[in-house]
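Structures follow.
Look for subunit A in each of the two complexes below; its partner is subunit B in the first and subunit C in the second.
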Partner chain A sequence: MTAGGGRERIVNAGLAALLLAVPLWAHWAGEPFTITLATRAAILALAGVGLNLALGTGGLVSLGHAAFFGLGGYAMGILAYHAQTVTPLPLWDLAGTRSMPVIWLVAVVGGAAVAALVGALSLRSSGVYFIMLTLAFGQMCFYFAVAWPAYGGEDGLSIWVRNGFPGLNTLDPLQFFLLVYAVLVAVIWMMARITASPFGLALAAARQSPARVEAVGGRPFRLRLVAFVISGAVTALAGALFADLNRFVSPSMLNWQTSGELIVIVVLGGVARLFGPVAGAIVLVALEHWLGGISDYWQIALGVALLAVVLFARGGLVGALAGRPVAHD
Partner chain B sequence: MSTVLLLEQLLNGLQFGVMLFLMAAGLTLIFGVMGLINLAHGALYMIGAFAAATVAGLTGSFLLALVAALAAAAAAGALIELAVIRRLYGRDHLDQVLATFALILILSEGTRWLFGSFPLYLDVPPWLAGPVTLPGGIDYPRYRLAVIGVGLAVAAGLAWLIAGTRLGIRIRAGEADREMIAALGVDISRLYTLVFALGAALAGLAGALVGAIQSVQVGMGEPVLILAFVVIVIGGIGSIRGAFVGALLVGLTDTAGRVFLPVLMLPLVGAQQAATVGSALASVAIYVLMALVLIVRPAGLYGRV
Partner chain C sequence: MTDPMTDPMTDPMTGPAPILEVIGLRKRFGALQATDGVSLDLRAGEIHALIGPNGAGKSTLIGQIAGALRPDAGRVLIAGQDVTAMDTAGRARLGLARTFQISALAMEMTVLQNVVLGVAGATRGLWRLWRPALRDAALLDPARAALARTGLTGEAATPVAALSHGQRRRLELALALVLRPRLFVMDEPLAGLGTDGSAAMTRTLDTLRDTAPILLVEHDMDAVFRLADRISVLVEGRIVATGPPDAIRADSHVRRAYLGADGP
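So, the complex of A and B:
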């Protein structure tokens, strides 16, 4: 995942500006729903940015990232549920919380821990085994959430009021959007640093030629595991924000279709492109809103568009705009 | 826990297992021969079920419904292969995942558009309804027993097809070295279409058979697809024998987990929690099984590393 050449930098800046400008305009025009749509796009982009490190730079096609997304969502749901019902958590009798920074920390640590476990098992294999294993572990989390009744089971868990962030009124759509946007920009900056670091270069090398990495003393398994853990943690953070946006978390966040949509976001935007997921998320949310308004069966059109991108337009949106092919094998 | 209940659950697990085998056999064949990961296999299962329910509704004949399921799924499979799948053989797994995910969206929403969101019902025919008394005095549904019989017959037929026919020889040769058999004059693209249609037909048959036990609705294929993935990961990708053993293992583990785990939990967590804790654990039992198999044998039971 590189920042790319000059033209890609311009495309990136344009995408960042677009995602910021639309809600600012909507605020001025008095259309809060558009701000919510932009927030949704920014959060999905964040989840995609997390996935992109594993999928793009690491070449690890994970079909189980919904597990981390949903885990972040349930971190929010469970902590806020105990805070709003003033009951202690089942572990260690801790109190719940309504503070976003604490929730984010729990989501990130939880996401990293589960990613370490899933990664340690799945990364022993590769290729199609890896895809199926991540899918299976993701579904395991889904079925567990459905079967476990303490936090709503199949019906999910509703939160009455959005959680708070020190110094902000998160109930104001624009302030919540700006908070999400700041998190997104900070994480993208972090990803740019990671991919340009020796670790990031070694990870990309392990995708292109694991044998050579091993020959110079690198450990592909360890590189991939670290990438998978960071990826899972970022996606879990996005899940916590997503649940906070909807004030609702349910097993559908853990469903494998969510994993599929995250991959769609990354690929539509451009695999291994720094701002690819931002482009992908904007397009997906726009299509969902626009086509969904025209027909209930809009997913047929989405499917056809996806097929066209896969079969004929590899490199995604950022690739089409910025030209220069990125190292993708 | 009586012996009768134990045997009954054993048969239930067997029935679930052979259905999973029908799904997993196609998936593993398609992966073994063409190197393709096909997420849309669950959609073919759904197509089989819808075709069966429609034809059964029109004609009232269950056998015609099964024929329709086989034909519709095979035709849909051949069509999909010709239009989309054959462009994916040389691509990486990411492209295959994405394109077949797109096919799921198209096929599922297309079916919802044609048939609506309400489930259809496929009735068990009168000549297969009711219980049958097995040796030992166990009453067991005649239909489920028939399903087990059909599944085992298909498994035997498939084993014969792969091991003893000209097509089977070509399929095995295609798995071993596709350039070589193309060079020897086998029409490889026709072979691929044939294998894909065969896998699709098996999925369609499974969909129709299960459709008479459960309801026929959009999205019915995906849970089964994921279980079939678990099956072929356990059995070893590309191995029909592995798919058979894996399917029975998964079917029996899942059924046994759902019945016995709540009972086993009773002394540990008390009567009030036993049912919920037990069923939650049962829902993850097969994934634990999969993880255990992979720790011991990373390429599955019959897989080649």
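So, the complex of A and C:
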């Protein structure tokens, strides 16, 4: 996930500008729903950026990232639920909270902890076995959420008022978008640093030639585990924001279809491309909105777009626009 | 590198302790005894060649020395330290620099990125997550020096996938050089090189023994007999002879088992 060559930088800047310009225009034009769509795209992009470190740079095809996404969602849902019902949290006898920074911290720490556990158990395997193990962990979380009645079970959990962030009115769509956008940009910048660091090189090399990493004294398992933990933490953060956007969290966030959607976002935009998930999320949300308004079968169009990318543009949309098939320069 | 005069490992009776000691190594795959009680050592300043017909167990032996394979019995010592239970990464950190028979390189990364990775590995820098590797002079300077020494300076920005076979062999060597090696373990560094490339690589290996001793597995007998200070002959998992090139050339067992009646 390198910053790429000069042309890719221009594509990246264009994507960042587009994602910012659309809601600003919508605010001016008085179309708050478009701002919500842009916020949805930014949050899904954030989840994709998290997944991309594992899937793209690390080559770890996780079909269980919905677990982290949903975990972030439930971190928000549970904390806000106890705040709005003024009941203490189970186990710890602490109060809930409506503060986004606290919720984010819980989501990130929780996501990292679960990713450490899942990674430690599944990274011993590789290829299709790794995919199946992550899928199994994800589905375990899904069924647990469905069966657990305390927080709505299958019906999910509604939050009455969006949580707050110091100094902002998060009920204002544009302000909430700008907050999400700032988080996305900060995390992408962090990912750019990580992937360009010696750790990032070693992680990418472990994907391409594990024997080489061992020969220079590195241990692919540990590198991948740390990448998986960072990846899970970022995706959990996105999940907390997603639940706050909808003021609702349900087991569907944990379902394997959500994992698949995150993979679609990464592949569509460009595997291991820094801004790939941004492009992928914009396209997914745009198709979902426009084509979804025309036909319930809009996902056929998504399938065609995905086929086209996989067959003709292996670098995804960012790769096609930047004209460089290989992400690592 | 340790100074043999002050090195506590030095025994005045027997000279410096070997950099690498392999004692009674055994490895069986099913019915095949691939390594059958192999003992050998590698001393400072020497090239010790390991030769033998195909299927003699050379790669299995190298795998056990480098840490990729666990022996069933026997011990491996690097500079007196028992590393039998240590993994590949641990042995690399002790200074075992391995080159692969089939290049093991990060194909999508550039030549410079590959070598910088090696430098980061050698300096325990793989856990730095924040500073860009290609802007860190502490990583770049040794990497560039190794590229210069292997004649790859002009290819620094080339993706490995675009390199020729010979250039990849040189990159393998550059990656071994940046590891601050105590010993080299090289698996057929001349394989697939043309006459010119082979001659150039032979000259490079000749100068390399001063950097660190080399355990050399090689099929090119001309190069082996020109380079090696000692040669061990491996046949069916057993070392049938060890000695200087002249002695090996004259050894009747070796001639019969391996070199053929009119060998070099």
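Convention: the second predicted complex is superposed on the first by the 326 of 329 C-alpha atoms of A that agree within 3 Å, B and C clash if a C-alpha of one lies under 4 Å from a C-alpha of the other, contacts with A are read in each partner's own complex, and residues count from 1 in each chain.
To be clear about the criterion, a contact is a pair of C-beta atoms (placed from the backbone, for glycine too) under 8 Å apart; a residue touches a chain by one contact, two chains touch by 3 or more.
This is a predicted model, so every value here is computed, not measured.
Once the complexes are laid over each other on subunit A, subunit B and subunit C both fit without any clash.
In the superposition on chain A, no contact is made by A:A120 with either subunit B or subunit C.
Rounded to the nearest 10, the angle at the Cα centre of subunit A between the centres of subunit B and subunit C is 80 degrees. Once the two complexes are overlaid on the shared chain, A:I131 sits against subunit B while remaining clear of subunit C. Of the two partner chains placed by superposition, A:A13 touches none, neither subunit B nor subunit C.
Annotation for subunit A, partner touching more residues between subunit B and subunit C: B. Of the two partner chains placed around the shared chain by superposition, neither subunit B nor subunit C is touched by A:A286.
After overlaying the two complexes on the shared chain, residue contacts for A:R219 are found with subunit C alone; subunit B is out of touch.
Using the contact criterion defined above for the overlaid structures, shared-chain residue A:L201 touches subunit C, although it does not reach subunit B. Subunit B and subunit C never share a C-alpha pair closer than 14 Å once the two structures are laid over each other. Overlap of the subunit B and subunit C interfaces on subunit A: residues 329.
Residues of subunit A that touch subunit B in their complex: 55, 61, 63, 121, 124-125, 127-129, 131-133, 135-137, 139-140, 143-144, 146-149, 256-257, 260, 263-264, 267, 271, 297, 299-300, 302-304, 306-307, 309-311, 314, 329.
Subunit A meets subunit C in the complex at residues 193-194, 196-202, 204-205, 208-209, 211-219, 223, 326-329. Residues 31, 37, 39, 84, 87, 92-95, 97-99, 101-106, 108-110, 112-113, 222, 226, 229-230, 232-233, 237, 276, 279-280, 282-284, 287, 290-291, 294-295, 298-299 of subunit B are the ones touching subunit A in the complex. Only residues 66-68, 87-90, 92-93, 97-98, 100, 104-110, 113-114, 116-118, 120-122, 124-134, 136, 139, 159, 161, 175, 179 of subunit C touch subunit A when the two sit together in their complex.
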